[in-house]
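One chain, chain A, links the two complexes that follow: it is found with chain B in the first and with chain C in the second.
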Partner chain A sequence: MERGIYRALPVIRVFLFILGYSWMLMLPSPQLGRGIYIDENALQPGQVNTYWSWDDVHSADVYLGHLEQLRDQNASSVEKSSFVRSVFSELGIPAATQGYSFKTGTMTLDGINTYGVLSAPRTSGTEAIVIAASWISLTAGPNLRGIATVLSLAAYLKRYSLWAKDIIFIVGDGYMDGMQAWLGAYHGLDQSNLDAEPIKLHSGVIWTALAIDYPGHSFSHLGIFYEGLNGRLPNQDLMNSFHIISTHTGGVPVVVYDHVEEQMDSIISRWLPQLFSRQAYIKEYARRARNVIRHVRYQALGRASGVHGLFHRFRVDAITVFAVPATGPHGFHALGRVIESTLRTMNNLLERLHASFFFYVLTGPGTFLKIGQYLPSAVIVSVAMMFGGLRVWVDAGWVKQQWSSEKVNHGPAGKAPKWKTRRRNVIIPLVVMLATHVVGGITFFVVTNSWFLTRTDKTTYLPIIPLSLIVFSILSALLTSDQPTNSQHDEPSPAPLSSLLKAFNLCLASTVISITSVLNFSLAASLAILLGIPLSVSSPTIGLTSKMAKAMSYFMLLLPIWWTLLATPMSQSIWDWQVWGVWFAPFVCIVYLPLVLQATVVCMLDP
Partner chain B sequence: METKVLAGALAIRLLAACSPLQDVLQDDQQLASPLTSYARLREGVYLFKHGIDPYSGGVFRQSPILLSLFSTILPLSPALLSPLLWTLCDGIGAWSLSRIWRLRCKSSVTYGSREGLIVISYLLNPYLFLPSLALSTSTFDNTLFLLALHSACLGNLEISLLLLALLTHLSPTSVLLLPPILFLNLAGPSSRLSKPIQFVGYRRAVPLALHYVTYLSSLALISTLVSGGWGWIGRTWGAVLTLPELTPNPGLWWYFFTEMFDYFRPFFLMAFSMHLIIYVAPISIKFQHDPLFATFLLQGIFAIFKSYPTLSDPGLFLSMLSIFPEIYPYLKTPIVTTLLHLHASLLLPLFHRLWLSQGTGNANFFYASTLVFGLANGFAVLDAMWAGLRIAFGAAKEGWEIVQT
Partner chain C sequence: MNITRCSRWLHFTLLVLLALLRNSNQTQGQEQHVKNFFQRADSPSGHTNNWAVLVCASRYWFNYRHMANALGMYRTVKRLGIPDSNIILMLADDAACNARNMFPGSVYANTGRQLDLYGDNIEVDYRGYEVTVENFLRVLTGRVPLTQPRSKRLLTDDRSNVFVYLTGHGGNEFLKFQDNEEISAFDIADAFEQMWQKKRYKELFFMVDTCQANTLYSKFYSPNILATGSSEIDENSYSHEADFDIGVAVIDSYTHYVLQYLEGINKTSKATMEDFFAMYDPVRIQSHPGVRSDLFQRPLSSVLVTDFFGGMADVDIVDSHLFHDLDDNIKLGSSPSPRLSNTNRDPSASRPVEGTGSRLLPAGRSHADVHQTRAWAGLGMVGLLAGFVLLQTKFRTASSGRDR
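== the complex of A and B ==
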């Protein structure tokens, strides 16, 4: 049986690769996935009567007028925050401001947050709900209507005494930097490059948060943005209750991000022939695929898709409600009703959200994939790589020993050559792997150094590629000359370095993919796609030109590093690492780069 | 050569102890169990020094011997002196491991450069390094175990039994190591795996066990005098048998007992403890020709199935593998074991963090990773056992295959 498995192993590996990749392609298909449901019974979404009225819409309009005045005057942070603070004070809500300053290597970001705390009227405020809006929207325009909603909500919510938790209203400066400073100061987390004033008004433990993003004039749909830092997702119950409330109480359809269906349908009908574009299956697949791809773009890079993403580190479930700009029918009235009902639902919680899912892929506003429906796709690819590594390891332990010429004359057809075991020196491949990781560490250190970051002209670093090719070829020549020559008689020469290095490389890459699939599935899937086939087909070559050609093709795999770390003047990923603590940049340098380098070294060695 | 390697590795250890890594690791539940935690040791010493019986509460579960040592002679300062003491203990353990290697191969090939490798495999093994950084008292357990083995290899019966009695006070599961260590005293440490001979010392060994019992009871008497009562027995030895604390650890007991009704508790406690006992006789008899190897295998088995293991128990097993190089060619699946250990050692802290600090996972995640860890250790023990038996058959002949029926 073992021999059968050994012989069938290449076929099994190809089958597993095909299975894994086609599973990944099938993730957006309408057959996979199920409808959302509320798991925490305490939430009871959409069961309350809302009393948000047109008077409250009028107060929101008045606040909006003031805010537009501030925008037209190009008001400074001090003026803006003092206006917001005065609004809170007039309403009788205790308010305070918090100044902060981020100093990274290249730039300084400062601002002033304003926040007000509405204490729970009849209970002790041991828990809190946060309603936040930042001055800059995720579309990079001003989020004036979002802030106006927050201010009018503050005026409205104060009138009711049914709140069991404190409500904290935060108007953060900038886009996400203000919220980062506020949350860090609130939870007592210091950051070396942040200088923030302490929080003067403390409240309870924050359990849930909503961020409001309303850049346009009116909106047609409400979009949910839910990714957090480092691929973390909030509990699905929050999004599900918001979805139910918006659809039934507010009458506003919900979409994922700002992906309105009609836009997608027009794109499909432009690009596909009529035969396909009219099929409902294709349409649905395209819509879901668009959602999944955008989700992967956020999650694989570890970026938060909005202000809410900063809350997840503190076990706070948070989403951003984005009013998709349109000439459409809804405005402050619908938004206020929806937010009020969501707050009433969040108010019902007796314990943190724990019942629903934390690991899911939201394919549409009402459908999602559970972990068992998407995780095996990346794990199957990593298993295929692991089988490849084990196969190379086993093969490295045997060598076919040819009969010497005198014995060939015996017997009619010649005897079958004998297989002999040979030693596998594991120390040298391990040292090579350690060296590649050290190179990765040095690269990360250089790339995050402020000297490097201040130089804006990154294209001057392209000569690194031919330089490193030369270094690699020298290294491989040295490594192969180290191996002892074949002594034909009793001891076969030890296994070649290229086989052992390839085996270890494949096993390590497989481990990395499996482990990251639980932490950050999109990152694991991207690694599986980028590394799966290239690492499995790395092989030693003879001849300098073919070695160089192969090494250049492996350097193509390093393009993602180029794009995320070196491309823009202040690379977004390095900014993420320094300011939000996203570990994508160190991961790419210290784990991904060494894996590719090891495969390149395998190609540069002699067989 | 060996001293240079020893000094170098100790220097690396001390450097790591000065880094802020130590503060992060001290409360980690995989590196220190309730029986070995440094914070609890400090709590107990503090209570003792202020005249309160540390065994009246449920926090302190260390032996009164450690209590007396750390409240009188040795100071407890996590900044400088304790890391120094722990590193020193590890150095003594590495030294005794390399001496055991010397005694084992004194009759055959010269020991050579392997000593440096053995010292490195003990001092820089992450499974031993990290608990030592976290100041877990399992470091003392390992050092005492290796010192007891070293004295047994030298043939110093009384010292080895005294050290074993001391070890039993700190880690009660070690009482099951008495038979193979007695046989080791009588038979000697040289490698006879490939040339098994019968052991003829059973009659002599039985009265010698009384020496051990004498040492154990006198230490028990001393402990009672120190702690001023018999309460320490229930809190220390009783904790291993009755599992009062279900703090998560890399072992297999805690999850089982979290989901168990009280009615069944005594039965399962007895079954789990019996499970440890049943391994002693078969392994000691089967490997009677090489009791050092039998001790090694038993230590590996106990590391998997102990009630409160830490990472240093399987770490000791893996490091001791370095003194048996004759079995390496006969190991069936070394790469599978290595890969399982790699996965388990990455999954354990990941799922622990996902469950307890991030809150997106639950206890089942961490339990699954302890199962993988147990599987990895099981693979290692079984592989070593197979190789130890297989080596007696020698190289396979042309056209023949050796199978296990």
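== the complex of A and C ==
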């Protein structure tokens, strides 16, 4: 039986690779996935009448007028925050400001947050709900209408006494930096590169949060942005409640991100022939694929897709409500009603959201994949790699030996070659692996160093590639020559370094993918796609030119690093690491880069 | 002389016998009268007081409808005559004063909020965390601590009709209390058996509105229990409607239809439990309510709805000459209400009147007095006669002794 498996192993591996990759391709298909549903009984979404009226819309318009004035005057942070604070004070809501300053390697970001706390009228405010809007929208324009909504909501919500939790209104400066400073100070989390004033007005434990992003004049859809830092997702109940309320109470259709379906349909009809583009299945697949790809982009890079993403670290469920800019038909009125009803629902909560899913892939506004429907795809690929590594390890321990002439007398059966075990010197491959990790560590240190970051022209560092190729070839030559040649006849020479290194490389890569898949599925899937086959087919070569060629092809795998870490002057991922603590940059340098380097070394060695 | 003595003795014994006979006639008639008093011609239930135990076993805002269920039943039972002193109301949470309530201090049971059940005259006996399985069983069985106030005790006796209503979240043979404990059908059955053995009820009506409610009465084994539940095993009980300003469901379907039916019942209603159960419509209620009457001895067609839901006791007019005693009692300022005297002025009808649980005494008291004086008079006369005869014989023997 073992022999059968051993012989069939290459076929099994190919089958597993095909299965894993095709499963990943099938993730956006309409057959997979199920409809969303509300799991927490206490929520009762969409069961309330809303009383947000045109008077409240008028007050929002008035606030908007003031905010536009501030924008036209190019007001400073001080003027903007004092205006917001005065609005809260006029309403009778206790308000305060918080100044902060981020000092990263290359630049300094400072601003002033303003926040007000509406205490729960009839109960002690042990819990809190946050309504936030930042001055800059995710479209990089000003988020004036978002802030106007927050201010008029404050005026409106103050009239009711049915809030069982404190409501905190936050107008954060900048895009996400203001909220980072506020949250860190509120929860007592210090950050070395952040200098923030302490929070003067404390409230209860924050359970849920909504961030409002309304850049345009009107909107046609409300988009949900939900990814958090390091690929963490909020509890699905919050998004599902919002979806139901927006659809039924507000009358505003909900989309994922800003992916409006009509846009997608036009894209498909341009790129695919008529025969395909009109098929409903293809259309649905394309829509879902678009959502999944954008989700993977956010989650694999560990980036938060909005201000809400900073809340998840503190076990707060938060989403950003994005009003997709359009020429109509909705405005302050619809948004206010939807937010009011969502707040009533969030108000009903008696414990933190825990019932619904934390691990899911939202393929559409109303459909999602449960963990069992997407996780095995990456794990299957990692299993195939593990099988490959184990196979190479086993092969490294046996060598076929032709018997000496004495045994030839035994006849044809005796001529069958015998297998003999040989030693596997493990120290050297482990040292090589350690060296690659050290190289990765040094790279990370260099890349995040302020001296390096202040160098705006990164192209001066391109020569590193041919330099490192030369270094690698020298190293590999040294390593190959270091292998002890065995003079003894009976004692087989120890296993070649390339086999052992490849075995360890594959096993390590497989382990990394499996473990990452439960933390951050998109990152694991990306690793599986990038590393799966290249690492499995790495093999030692003879001849310098072919070695160089192979090494170059493996260096192609490092292109993503180039894009994410070195391409722009202040790379987004480095910024993420320094300001929000996203571990994508260190992961890439300390885990991904060494894995690729190990495969490169395998290729550079002699067989 | 002998003949006269004999005839005197005869006369004496006759008198004595007549006196005794008259007395016994009186007691027999008294007993019959009492029996007639306790058994009305139309519905011979024989109970003299009504009690109700209404329990809402679940807390939290989204279980608003369970509290509304219990409060709706409380209001109905009070309207039909059971006073607060005879009702044990257990509410596991305070929905009226919940911070999320848009109408603080009120609990409503219908969309549109027409009737405030919390009102201004309710008495909640067990509230909040006091509503536990232990307290519920103690109330039923009477095993309460000595310090327990009277309003929290179930002071029933062997002529009490008890109505027990449970609502909350439940399942197969259990009911959930407060989200952290359960009472099983066996516990309730044993509690009722204890009540039976301690003569704490005459007849008991058990109603339950939860999911799989009918399983909760499947384990009863004590006599005179009539039980009904809102849904079968493996069946959910559903809420009826939600109010869109309160934001949650406000009443359960089964209880809603029961209360709606009871709105058509007043204190004088002759509707029977058979009519009540015939009202059950599984399509409207969205579940299959069940009835268990095998332990109940009387036929359902002769059991009035008000036997359990109402709190009436009969006032029977016995003798007109007793009015005077009664009026004297009223003038002395004792308890009976003015309505009682009004009824007495109309001797033709024996109309049922509101009454307390205690027995009615005024008419009986003077009757007993008359009996007593007559008995003593009879005895006195016998004694006199006996004394007279003895003296006579003493003189006779003395004189006869001297004559000879």
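What we mean here is this: the second predicted complex is superposed on the first by the 593 of 607 C-alpha atoms of A that agree within 3 Å, B and C clash if a C-alpha of one lies under 4 Å from a C-alpha of the other, contacts with A are read in each partner's own complex, and residues count from 1 in each chain.
The rule we apply is simple: a contact is a pair of C-beta atoms (placed from the backbone, for glycine too) under 8 Å apart; a residue touches a chain by one contact, two chains touch by 3 or more.
The shown structure was predicted, so the numbers you read here are calculated from the model rather than taken from an experiment.
Novice: Which partner does A:T511 reach: the first (chain B), the second (chain C), both, or neither?
Specialist: Only chain B is touched by A:T511; chain C is not.
Novice: Once chain A of both complexes is superposed, is A:R232 in touch with chain B (first), chain C (second), both, or neither?
Specialist: After superposition on chain A, A:R232 lies in contact with chain B alone.
Novice: Contacts for A:F452 in the overlay, against chain B (first) and chain C (second): which applies, first, second, both or neither?
Specialist: Neither chain B nor chain C is touched by A:F452.
Novice: Using the touch definition from the top, say if A:W163 reaches chain B (first), chain C (second), both or neither.
Specialist: Second partner only, chain C.
Novice: A:N347 contacts which: chain B (first), chain C (second), both, neither?
Specialist: second
Novice: Once the structures are superposed on A, label A:W23 by its partner contacts, choosing first (chain B), second (chain C), both or neither.
Specialist: neither
Novice: Can you check the complex and tell me which residues of chain A touch chain C?
Specialist: 41-42, 44, 47-49, 120-123, 160-164, 344, 347-348, 350
Novice: Using the touch definition from the top, list the residues of chain A that touch chain B in their complex.
Specialist: Within the complex, chain A touches chain B at residues 232-233, 315, 352, 354, 358-359, 386, 390, 393, 503, 507, 511, 514-515, 518-519.
Novice: Applying the document's contact rule, which stretches of chain C touch chain A when the two form their complex?
Specialist: For chain C paired with chain A, touching residues are 60-62, 97-102, 104, 242, 244-245, 247-248.
Novice: Taking the touch rule as given, give the residues of chain B at its contact with chain A in the complex, in rising order.
Specialist: Per the touch definition, chain B meets chain A at residues 335-336, 339, 342-343, 346-347, 350-351, 354, 358-361.
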